[in-house]
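Note that subunit A is present in both complexes that follow, paired respectively with subunit B and with subunit C.
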Partner chain A sequence: MSEGEQPVSGRERVTVPKTYKLHIGGSFPRSESGRVRTVEDAGGRFLANAAVASRKDLRDAVAAARKGFETWSGATARNRGQVLFRVAEMLEDRREQFTSLVSDAEGLSREQAAATVDTAVDRIFWYAGWTDKIGTVLGGANQVSGPYTSHSAPEPLGVVGVLAPRHSSLLGLVSVLAPVIAVGNGAVVLVDRERPLPAVTLCEVLATSDVPGGVVNVLTGDAGELAPWLASHADVNALDPTGAPESLRAELERNASGTAKRVFDAPAAEPDWNRDPGLRRMRAFTGLKTVWHPLGA
Partner chain B sequence: MADSPSPSRARTTPGPARLPPDLADAARGGATLERFLHGLPGVDRVGLEQRAASLATRSVKKDAKLRAVDTAIGMVDLTTLEGADTAGKVRALAAKARNPDPQHVGAPPVAALCVYPDLVADAVAGLGDSGIGVASVATAFPSGRSTLRAKLAEVELAVDSGADEVDMVIDRAAFLSGRYAQVFDEIREVRAACGAAHLKVILETGELGTYDNVRRASWLALLAGADFVKTSTGKVAPAATLPVTHVLLQAVRDWRERTGQLRGVKPAGGIRTTKDAIRYLVAVHEVAGPEWLSPLLFRFGASGLLNDLLMQRRTQLDGHYSGPDYVAVDL
Partner chain C sequence: MTEPSSDPWGYVPALESAELARLRDEYLLFVGGSFSDGSGERTTGVNPATTERLAGVPTTTESDVDRAVAAAEEAFRDRWSRLAGTERAKYLFRLGRLLQERTRELAVLETLDSGKPVKQAGDFDLPNAAAYFLYYAGWADKLDYAGFGPAPEPLGVSGQVLAWNFPLLTLACQVAPALACGNTVVIKPAETTPLSALVFAELCEQAGLPAGVVNVITGGAEIGDRLLTHPDVAKPVFTGSTEVGKRIQHRLAGTGKRPTLALGGNGTNIVFSDAAQEQAVQGVVDGAFFNQGNVCGAGSRLLVEESIAAEFVERVRDRVRTLRVGDPLDRNTDVGALNSAAELDRITRLVEAGEAEGAEKWTSPCALPGRGYFVAPTVFSGVQQSMRLAGEEIFGPVLSVLTFRTPQEAVGKADNTPYGLTAGVWTEKGSRALWTARQLRTGVVWANAFNGFDPTAPFGGNRESGSARTGGQAGLEAYLDV
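Moving on to the complex of A and B:
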């Protein structure tokens, strides 16, 4: 061994701090603005860098979601279910990684964090099972008093803007995102500054799970800066303000009303995500189409 | 805008050109033309692409952007060139050309409507006295593979039906085999058949292979009397690119320096977004000059671009992003 070389074990290793990027249209671009911010854990220790999305990123994400929606809503319900099952499998595979991320982000013990990850996996699995059953539960044949038939079927709304919960960084996110895409919508998710890492890592799971590019687009950054633009965007069909602070809610609803957008009636405080979610969210992000059909010749 | 003269009716180059001796020599065609074209300086590919890329980074915002969007709308040749085109579709596009955004006042009309020759009459009827030009492709578009007789007959059909502008394709096979004189004579013949109509010569740069060839084809077309040089048919990829448009803009700029005559440039195909369009406008301003920022001398051949321009215009006026649900769908 020459003098210049030393065994690696003899030195303290230089760690590689990760810079997380956005997720738009199936790829992982940097923010167009070039902005990046450090992310700390619950105790203030440096974890990684995360991109801070700009308005242009938001516009690109909505355009990507529109394209993703065309593909995703055209897929059969069974196929969407299979893809979501796959997401659950991939998340299960990365259980350890997500446990650390959630534990760092939310200041939970490893056991608590692991339980949260398990619940998140179960939640995706649960929604995966619903994809081909929701039509029967929310729709079906209507009783009519005449010689014709009438059917109702729930259809996805289009592009849904989602403000990710600010406290529950994985389980909360999965609980708001899964119902939106399970019924066939495209999603643009805004993740606020405090706990973005589980969300951007979830994108790595989605990107390796056959979810078509553009179905889920995740922007990390300042929800206060971007949310009003998302709410007023004319090509967004519905808004889930779950993660919006109460001070922002009225403005978002006003902006959304300008383009006749459906706004999910989210509780002011973040709910207990461990509870059974029910069908409320899937119902909110579908529209019922009713078809009347004359019988016989 | 209805009382202003139509861009296509105000011909900038009346009568035969009085050219400097070397150009006049080249314009005789034959071997002198070939010598002239091969004597043109080669294109520095790396430098050209770098310059095109660096100009494309310029950012245009707010009021300047709104002006750029309106300028670009006024330069659009609203195009439909599909086998499935019907008279009804042409009428719908004509209505859109006259008033691109009925819900917002002040959106300028487009420069022209571009259709196949058999639909020219419908376009003329649909546009009425709006002053918007009717452009027609001709000469066996898009391949250019037919006899000269058939090509001229097509030009006649277009002009007789009322076309103000004729978009011809060059014979790429002849050009690539070095039979420049044949291409030159063909453009001359078509030029004569056009009468008062403007002539745009489509070089189909995607099939020419090199920037040197693009430069040669541009000069060839200008010498033969083209009012516009146009990059592509839109049927071949790659269609218009920024570097190729730079070469065309350099040619018309140099032509003006040598002869004093103004000739136009029309990139076509592949320009879909407002951002792209603004990049082209920056290139026009920087390479050719501010005089070219007019529908008389610069056009976009596009179909989907107009909707994106309108959406961006609405974003600037309404203060929020618009969506494709709010602009007319071209069937």
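Moving on to the complex of A and C:
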């Protein structure tokens, strides 16, 4: 309904609006709770109703992410790269659509929004190229003093819980999600209430880019309600609190301590997503595995 | 003519002299470059192998923590962070050399204080501790090339609460990279094993290290908590149990500080039917009983392929039967004393729980000394996944045996704990060894080996083993603002 004006004469057609749902295990279900919340644009105009995920949806998403992780981490790094390149292609293909979504969500001009979408495409493209190189950069041969060969390589941690940035609805989301999945993790992403629509549409891009179901699960709704459960969930291996308001950070970190989870050291304020992301996030969401073997004829 | 011995194959004791430790009657804290008493009551350190007094040790209050952190803060601001990397490197090199020179003394001291066999202290703990300083000395002036971008910055004061199982080695693992990166440290060794850290302070003095760069205080859990949560400690570091690590992470929530946690494990040796059996037996026994099993990465579980299980377990028992338990100062001793009465009690209860849950217990028929905190090496077979033995950190000379039929089952069982630190894989088939190594969700995998440790090789775990890495380039990350 955000697309186009209301018809005033018989020649104009009525548009078919999209229902914005969750993304769990490769499917697009409604919240099992049946809850939705109105989403408005920066000017207060009605855009859509977005699903408000429940704790049950969260548990389902974590279970799906665990399965997704098993598949995804078992794929070759090259294959993960190819899939992420495909995501960049699909996102480029929908440039106009995302420009509108980002413009509406963030109150940007079309030019500004288009520039943001371009950077988001480039960001995924950048991470796609990293999948089969990060091992050489973060890992290597250990020159141990003894008759052994020893090498270390970064491995994904498993399921990573991500609180999507609250302001940057596409570029910010892509900037936190891409490093998590590029290195082979599964993700459960919580998208807060203000700007959920680009995230849901991004899931359509992922679903048509051969990202295996469950690798990325996106729950829209009230991040403050679900995040504490995500932080304490025993089958979540790491937490990225980037989108968590400062008031929520301490509680999330306390909950994460129950399973000694790794919590990403995210700045309190949302960073400038146009900056070079560096390796920090890929380093944070991997752990080195060191393998030894004796030498001998 | 001498009488023939009743045990012609027995060992002649090869005792190291306790004198070598040059024990002092009283030890002092090291704060701001000078030795001083703590503001708590003085207490005594005990030799766990004899329960006799070793030396007087100071205890501390919060004011000692505060003055140590203040000294470290001042040293960081005014001296250490301003020093060129190449000069820091030479101080680390001096510390490494001093450790090498005083290895025999410190090995005996470590043995007296911790109960570990002197053979191991001298052949493993001390050489590795020295190697850590020498290795990280080399990084101090090469941080630009460590992969964290140009000119990575130190964090400030690191508060370090260390473990009792490898007192001086865990110190080296954390202090060496901390100093190399330009941080200063306040070290709190474990309450029951403070002596080697207090003597390390002497080494710092001999090395001419600027005052306040290394500070050593003593104390128990409360002092440790105080240190790690001190507002002026930029980098809290904890080596010890998962339970305490979680508590520390909980207490630091919302402070913006990320503790570096090196926590527990319940490691596994996976033995396939085609393994070289003699080597596998030796590896399994080393994995479980090295340092009395008081190793975060100990191979407390044996997963053996069902077709060879009965025979293999018999061979393991035969080998365990030959382990000599007793005086840690005897160079023949394989298994020394547990570190404290509390540890002996904990292991005793865990063994009782294993029996109560229905596992089959076998204990080495070795003679135990009449005093001290000793426990005979124990092997449990018929252990099920649901038993405490299979899931909890054991941290004592107790091996649990489980079986498997397929590689997938082996990996699944190995990973079925909250931990993810170490594993060993034994097979003559290269592809299977590497496949298994890749599947396991642990930070370290030894294929046809166990317990390999080196400052160049990152060591650490996943999940509830804590995510810290010590060693290698990766070991710098905790101490840089990156």
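The rule is short, and it goes like this: the second predicted complex is superposed on the first by the 280 of 297 C-alpha atoms of A that agree within 3 Å, B and C clash if a C-alpha of one lies under 4 Å from a C-alpha of the other, contacts with A are read in each partner's own complex, and residues count from 1 in each chain.
By our rule, a contact is a pair of C-beta atoms (placed from the backbone, for glycine too) under 8 Å apart; a residue touches a chain by one contact, two chains touch by 3 or more.
Here the structure is a predicted model, which means the values were calculated and not measured.
Legend: residue contacts after superposition of the two complexes on their common chain; A:Trp229 is shown touching subunit B, with no touch to subunit C. In the superposition on chain A, A:Ser145 makes contact with subunit C only, not with subunit B. Once chain A of one complex is fitted onto chain A of the other, the partner contacts of A:Val137 are limited to subunit C, with no touch recorded for subunit B. In the superposed model, A:Glu253 lies in contact with subunit C only, and not with subunit B. Of the two partner chains, subunit B is the only one touched by A:Arg66; subunit C is not.
Shared-chain residue A:Leu288: touches subunit C; no touch with subunit B. For subunit A, the partner that touches more of its residues is C, with subunit B and subunit C as the two candidates. Residues 258-259 of subunit A touch subunit B in one complex and subunit C in the other.
Note for the complex: subunit B touches subunit A at residues 314, 319-326.
Subunit A meets subunit B in the complex at residues 59, 62, 66, 229, 232-236, 255, 258-259.
Looking at the complex, you find that subunit A touches subunit C at residues 137-138, 140, 142-146, 148, 150, 152, 157-158, 237, 249-254, 256-260, 262-263, 265, 268, 278-280, 283, 287-294. Across the complex, subunit C meets subunit A through its residues 131, 147, 149, 242, 245-247, 249-250, 252-254, 256, 258, 261, 263, 418, 433-434, 437, 441-449, 452, 454, 456-467, 469, 471-474, 477, 482.
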